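There are two complexes below, and they share subunit A, which is joined by subunit B in the first and by subunit C in the second.
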Partner chain A sequence: MAFGAPLSSTDTMPIVSPGFTGRRQSPDVQLPPGQYLAEDFPVLTAGPTPRVSTDRWQFTINTEAGQRYDWSWQQLIELPAEKITTDIHCVTKWSKLGTRWKGVSLDVLLEDVETAADFALVQSYGGYTTNLPLEDLIDGQAWIAYRYDGEELTPEHGGPARLLVPHLYFWKSAKWVRGIQLLLEDEPGFWESAGYHDYGDPWREQRYQGD
Partner chain B sequence: MTASARSLVFDVPGWPGHLPGQHVDVRLTAEDGYSVQRSYSISSAPDGERFELTVQRVDGGEVSPYLCDVLPVGAEVELRGPVGGWFVWRATDQAPVTLVAGGSGIAPLMAMIRARAAEGSRVPFRLIYSVRTPDDVCYADELRRRAREDGGLDVHIVYTRRAPEGWPGVPGRLGLAELNTHAWPADFAPNVFVCGPTGFVETVSDVFVALGHDPRRVRTERFG
Partner chain C sequence: MSDTHVDTHVDGNALAGDLREIFAVDLTVATGQCSGCGYKGSVASLRVYQNAPGVVARCPACEEVVLRLVRGRDRAWLDLRGTVSLEIPLPS
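Right, the complex of A and B next:
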């Protein structure tokens, strides 16, 4: 696999595409570089959609010291929840503005967790993983979301519950989330092992390793 | 190609080569500096510094009508890639392969079929390709020829709206019966690649799971 700099030799001067005009977004819409506005909500997954019943659903935080904290579905939805309205940015170039979610802040879930970890590996039903710094999961930046646009989150979009970390590319917002492993050292997740960026800030266009 | 798709061949000095199934990011820039990016699957087998993209025109789209109708032969385009390390077939993997394409989802699967032939691989391949009408079959002649000449490649085309004259059966959506008949059974532990519009991929991959396939062996690529 090869990733890295654009293959064109004109890194500083873009190649003008003859006859291309494109469709400008209205100037008051601010999107990260390279993104376009999607009106629908595309689905992007590496494999089949897992169906997870809320009867069996469990969310677990494991610390680097081997301590375990878990929540059943009932326990999760009884926790104080927030309504979040946010823009989301997928690495496949679409962005969607003003999406509306409901979920539990990771600040609530991590409140009593004792840890010295700097990193988190988020784990999903179906085997998907993604990594991010623990500091990106706290201070009102991340939620376990279980409602979207006023309705239950459908399996296609990660239901019954998904991670929501909207300030990073959306693959970090793991669908079908089942837990978080806290780690002292960073460990690449599924897409990160396949060449995608470890951090994934859309405003710095960190799509692939080396960006 | 078809009336609404175009194959674009690029020569890229220094191209590192790709794995069948990978895509590239294409960036177009207007004269005033406005630029957009889209991802397109590579449809050719690895071939030195040359590769092919197959672009389906989406009416009203911002990028595909330009690539299909306007981009002149010989123009330079900014590209990045190859990208993607999951939806790929490696010739070293001996497991049988089921490919399921919906519409222009054929592109990365065609790269796999062509790479298989180029490598002289004997891994058995089955392609199930869903199209609306006979006019929508990409690579129709090549697929007919390969089904005859590439030993171990089966091609089964499903027509959802209109079938050719004299076709046995009625047009309809790809369903469980068809996948059960024409795909490798779960017992053979095949690698399954499904590419197409979101709804199509959701339906097909759910069927594979219901038929007992290990979800981790069912790789999907969605668009739309």
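Right, the complex of A and C next:
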């Protein structure tokens, strides 16, 4: 995907609607199976909320061959950013429609990374991890998001920056993201190794292992 | 920026119901040892985070995860890799 390409050009992610401005309240809005509509934005956390100041924040991509690429906060926010409007689906069954984010596409961050990896393990400040196929992080499907609803992303919602992968259950959108380890073989993350589904497609209701 | 952590945990007594269903004894009085730092204490002394896809219990000394419990529709997953051992009192 080229820098700054309009989101509407991607047909892999129909839930993105950049021109959307108001809140949808139609009762016949389509949600993934088993989900309900949340009006607020529930805060889920598996531990104390890390407070990472932007002057010591760093984002790192490590390849399977041991090559390392990193970005400071300043370098991140100087990269071309996109505004994303998207629905999000939490495995605890709430969905929120038309959430508005700003962030850097993983296509931009991975552009110069040489890798033969098929898998990614996303790592966060505070120790959280989540895994996904590398192909789900590219082609306009994933961002490092640092603004939400027109404001800085708060620590409660994963600030200073979080992963945003809205086509999968929201536990994959790791808060307080600090890096990605690229891997030749899949390695389960924090919830994936404790009963949750390895992939987590909300439209196929892949909540738990075996779903 | 403040150093205070926003923290929403409760104590390990919150695990009583979930653990009793699986073990049929009250495990909150068991003594666990943290694999991260070696801390020994009752399950009731753990820091429990419940607003999450599962229940996460952390060591009060080092904050490492010592127990994870996920409830599915007809199954539960108990991950104890952060716990060296559980010493469970039994009637003599």
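In this section, the second predicted complex is superposed on the first by the 184 of 211 C-alpha atoms of A that agree within 3 Å, B and C clash if a C-alpha of one lies under 4 Å from a C-alpha of the other, contacts with A are read in each partner's own complex, and residues count from 1 in each chain.
Just so it is clear, contacts are C-beta pairs under 8 Å (C-beta built on N, C-alpha and C of every residue); 3 or more make two chains touch, one makes a residue touch a chain.
The structure displayed is predicted, hence computed values, not measured ones.
By the touch criterion defined above, A:34 reaches subunit B but does not reach subunit C.
When the two structures are aligned on the shared chain, A:93 is found in touch with subunit B, with no touch to subunit C.
Comparing subunit C and subunit B on the residues of subunit A they touch gives the larger count to B. By the document's definition of touching, both partners, subunit B and subunit C, reach A:194.
When the two structures are aligned on the shared chain, A:44 is found in touch with subunit B and with subunit C. In the superposed pair of complexes, A:208 makes contact with subunit B and with subunit C alike. Applying the stated contact rule after C-alpha superposition, one finds that A:65 touches neither subunit B nor subunit C.
When the two complexes are overlaid on their common chain A, residue A:156 makes contact with subunit B and with subunit C alike.
In the superposition on the C-alpha atoms of chain A, the part of subunit A touched by subunit B in one complex and by subunit C in the other spans residues 42-50, 92, 127, 156, 190-191, 193-195, 208.
Taken together, the subunit A residues at the contact with subunit C in this complex read 42-51, 53, 91-92, 127, 155-156, 171, 190-191, 193-196, 207-209.
Put simply, subunit C touches subunit A in their complex at residues 1-9, 49, 51-54, 56, 58, 63, 65, 68-70, 72-73, 75-77, 79. Within the complex formed with subunit B, the residues of subunit A that make contact are 1-3, 6-8, 10, 14-24, 34, 36, 42-50, 92-93, 126-127, 156, 190-191, 193-195, 208. Within the complex, the subunit B residues that touch subunit A are 12, 14-17, 19, 22, 27-31, 33-39, 62, 66, 70-72, 75-87, 198, 202, 205-206, 208-209, 215-216, 218-220, 222-224.
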